[in-house]
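Two complexes come next, and they have one chain in common, subunit A, joined by subunit B in the first and subunit C in the second.
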Partner chain A sequence: MTEPTMVTSNSIQNRRITESRKLLDIDKAFAFYIHGLKDQNEDLLKLPKHNQWIEADSKGKIILTEDRLNAINEISLPEHPNYYTLTQRWLGTITEITQDGFNAKLEDLNAGGTNEYAEFFSTEVSKDDKPLVSIGAVFYWSLGYANDKGSVKKESIIRFQRLPQWSSEDIDSAVDKARAQSKALKWL
Partner chain B sequence: MDIKSFVEIKTLHLTFVGNFNPAIVQPFWLAQKGLIRESEAQEVKVEVIHNEFTRFSLDWVRIEVRQDRFDVHCSQEPYFDIVRDLCFGIFNYLKETPIKALGINHIWHCDLKTADKYYEFGNSLSPLKNFDFLNDARMILLEIIELKRSDGKPGAYRIRIEPSDKVSSLFGVAINVNDHFGLEPNESGQNGEMLKILKNNFDASGKRVEEVVNLLLANLGI
Partner chain C sequence: MVIEQFDLPLNNIVEITLIGTAGGYGESIVIHLGDQNWAVVDSCKDPHTGLSLPLDYLNSIGVDVANQVKLIVCTHWHNDHIKGIANLFAECKQSDFCFAPSTDVDKFLLFVQLEQLKKSDSQSTTEFAKCLEIAETRGKPIIRAMQDRTILNLGDDSSKIYSLSPSDATLKAYDIEISSLIDKVSSMGRIISEGPNSKSVALLLTFGKHSAILGADLEISDNKFEGWINILDNSKVISPNNKASFFKIPHHGSSNGYEIRVWEELLTDTAIGKLTPYNKSKLPRDEMIAVYSNHTKHLYATSSSTSGPKSKKRDRSIEKAIKDARPSLQELRFSKGIIRSRIDYTIDEADWLVDTYGPAYHVNP
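Up next, the complex of A and B:
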């Protein structure tokens, strides 16, 4: 395996995304996918501006704050101490197991379009998910800004799909249905 | 208009209505079935596990089960598909569970950024001049329902708008889009009908909420 050509600033390293055979690193992927700067020159890629704090006059500010508290007290919304913004998501399918990890085909869950391919290192997979790594295994990969109780950080999450195992009864049932459908077919 | 500049937090809330056994759905049962990680079951925050009511949280999802209602809440967008898979897995193992209705709720917390836009948002939805007999009237809750779904499926489509204090500025609104599905008259809910609906409509539901918020903000001139 060739050495990675780019290293990110967020410990999400050794990842290479290929789109149209062009290498991108994670920081650029943030700008490329998450900030929608796909059509801009790479030199123009930049992080978003921080939210501008809007000044309101003191009277308006007090009134608005009071209104909001009254409303929220009556309408209980769940708390969100942790949430993500500007998330880019892919559905990955492992196509090849390598010495250090795996290669996968990625389907863009945000925008669709053509499939992309990426190389992942096994160090990026959680210990509990390692037994799920096999050819054909499906996983979700997301990039986004994580807001963790006020702190904002870039995050990359890899999580393998966990769906029920097929039982022998399920397989028998599927076989029975297939047989019934096969018998119902009328060949012309 | 770029909707990304307004939407700050996206949350997903799935609600199943039917007959459930709250005592079954426990973290270690989920881990034993392989639906969550073993380490997650060990670090779970359990509030209640009881025959009539269960509530616990993992880092990315909160699960609440009553005898007539099963709720799953997630405020971390990367996990939305995983939440769907989790529900799919649970009810695949509990095949006999009758589920009569399903609600796919997307709640988007939008930051309108300025006091003027915040006021105009409410004023456009419900003209406050109609309430000029009140001193400085403000709109705090609005619910609109599409009683007969335009896609012909049994159920309803409901939009609820209310203030939100979850965003960065003081001028937040929460737009809750409830995609509600019911059973056809000849269905019992015990043959995986709602799971099929969840599987077939989850992605479309997510796309439709984006359309709704886009159209709403455009119609209001935000």
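Up next, the complex of A and C:
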């Protein structure tokens, strides 16, 4: 692993990484990275663990290793306005719909271990995500501190998982595999 | 008695050990059928270590899992009954694998493969898919569980295991459900299975003059040809002259798994009842504990059904953020409870000896 690069929340404003000739706003990169907004991207799964910067101190210092910078540089980024300094993330599964919202089982994406559960209100779910609220639906909930134009504020974000529409090739592949398995398996 | 040290049972001892976890992480039953022949029903994991708890138990007492585990039964695909079962099956190299697919096996296999397109390890069908791959590699037949089927037979005078469910009616309904689920795949890219409990595999164990019933999560159905009513009315393998002295109470002691006729017609007056609570749903309810206590003085649970609210330890600033943003957040606390029952099955009048470990306890001493 290469030596970490020390940056601070102030110094990274508008910083660009140009190693692979792509312009990149690191604020948005981290927002993306932390929130996993592109969870279906397999490249994201290969990124190094982020314990180092989760433990960033209260002054907003972030330690970035070169491989992380490079990894971030390789992914395309959606728009996101805030830069998060400390975040806890969960993978939630709705277990019950209630009058005001829903209850969910939560897997700790930072530390693993035991699960948790909590109550969520419909008002916390974005308009776009509301149709996705149903028993068994999967969502990401992140809670952290955002640096919004210099002022730090707590922020809770819920985003529902959108599974990609599988292509006919994907489905054909599953069908082929099932057929092959059907021929190979023996049943009593 | 509290277990201080686990040990292997002697060859003439049948052991039925319920491993259950507080917090809804699951339950599993490890069975010694005599002469170092073992079977395992379901699996669950320790969330901290990721270990399959029945596999961990078998290894801890020195069972040669590769050769001595003869049968693994997956009663249904809920996470609290299936997590870690693929790892267990992989280690138990001589074991048969038994579960209840729909009658149309091709459709079932397609359903499992389509589920894998989600590329997530969180869905329980991933465990199924891995088990299917292991069975395919070994070339050993998978045993389909169904009503009144012998799924393990160690000899004329030795122990046997029968599946009591799912019934033909349930399997027929399952076919329709699988078709419906497959139809949803292309339109939604998301499959939510409905009611796996109804397809649960309940089991009858016989050993010498003794018998035991393991209720899985099987429920009472509106259809008399499904669930417990079907078993009571139509089972050909249950003998009214050989009532069971051991009952794994179905579905965490929930009222939808309770049928008075089970206790009156299938179980002895002194039958032992064991259950695993499901804390998140606060199962079993106090009123059901009272109901079960009326049927038996030997009611055991792997842990208490209630646990005080508790939050996980985290960075203090995150704890503060959680307190402000989500005060309802609570940890599903994990603790492993074990209820071990042993009986000398060569003696007709023998009684069960019940021991507990961890938070497991005798509910109505």
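Note that in this section the second predicted complex is superposed on the first by the 96 of 188 C-alpha atoms of A that agree within 3 Å, B and C clash if a C-alpha of one lies under 4 Å from a C-alpha of the other, contacts with A are read in each partner's own complex, and residues count from 1 in each chain.
We take it that a contact is a pair of C-beta atoms (placed from the backbone, for glycine too) under 8 Å apart; a residue touches a chain by one contact, two chains touch by 3 or more.
All figures in this text were calculated on a predicted structure; none of them were measured in a lab.
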Between subunit B (first) and subunit C (second), which does A:Glu119 come into contact with in this model arrangement: first, second, both, or neither?
second
Of the two partner chains, subunit B (first) and subunit C (second), which one does A:Lys154 touch, if any: first, second, both, or neither?
second
When the two structures are overlaid on chain A, which partner does A:Gly144 contact: first (subunit B), second (subunit C), both, or neither?
both
For A:Lys127 in the superposed arrangement: first (subunit B), second (subunit C), both or neither?
first
Quick check for you: in the superposed arrangement, does A:Leu91 touch first (subunit B), second (subunit C), both or neither?
both
Touched partner set for A:Leu185, first subunit B, second subunit C, both or neither
second
Contacts for A:Leu109 in the overlay, against subunit B (first) and subunit C (second): which applies, first, second, both or neither?
first
Where subunit A meets both subunit C and subunit B, residue numbers:
86, 91, 144, 163-165
Can you tell me which positions in subunit B touch subunit A when the two form their complex?
2, 4, 8-11, 13, 33-40, 59, 62, 73, 75-79, 81-82, 85-86, 88-89, 92-93, 107, 109, 111, 113-115, 118, 136, 138, 140-141, 162-166, 168-172, 174
Going by the contact rule set out above, which residues of subunit A touch subunit B in the complex?
36, 51-54, 56, 60-61, 63-65, 67-72, 75, 77-78, 80, 82-87, 89, 91, 109, 126-129, 140, 142, 144, 146, 155, 157, 159, 161-165
Which residues of subunit A touch subunit C once you look at their complex with the stated criterion?
55, 58, 86, 88, 91, 93, 95, 105-108, 111-119, 134-138, 143-145, 154, 156, 163-166, 170-171, 174-175, 177-179, 181-182, 184-188
In the complex, the residues of subunit C that touch subunit A are 23, 25, 47-48, 105-106, 109-110, 112-114, 116-118, 122, 132, 135-136, 139-144, 185-186, 188-190, 192, 280, 312, 314-315, 317-318, 321-322, 324-326, 328-334
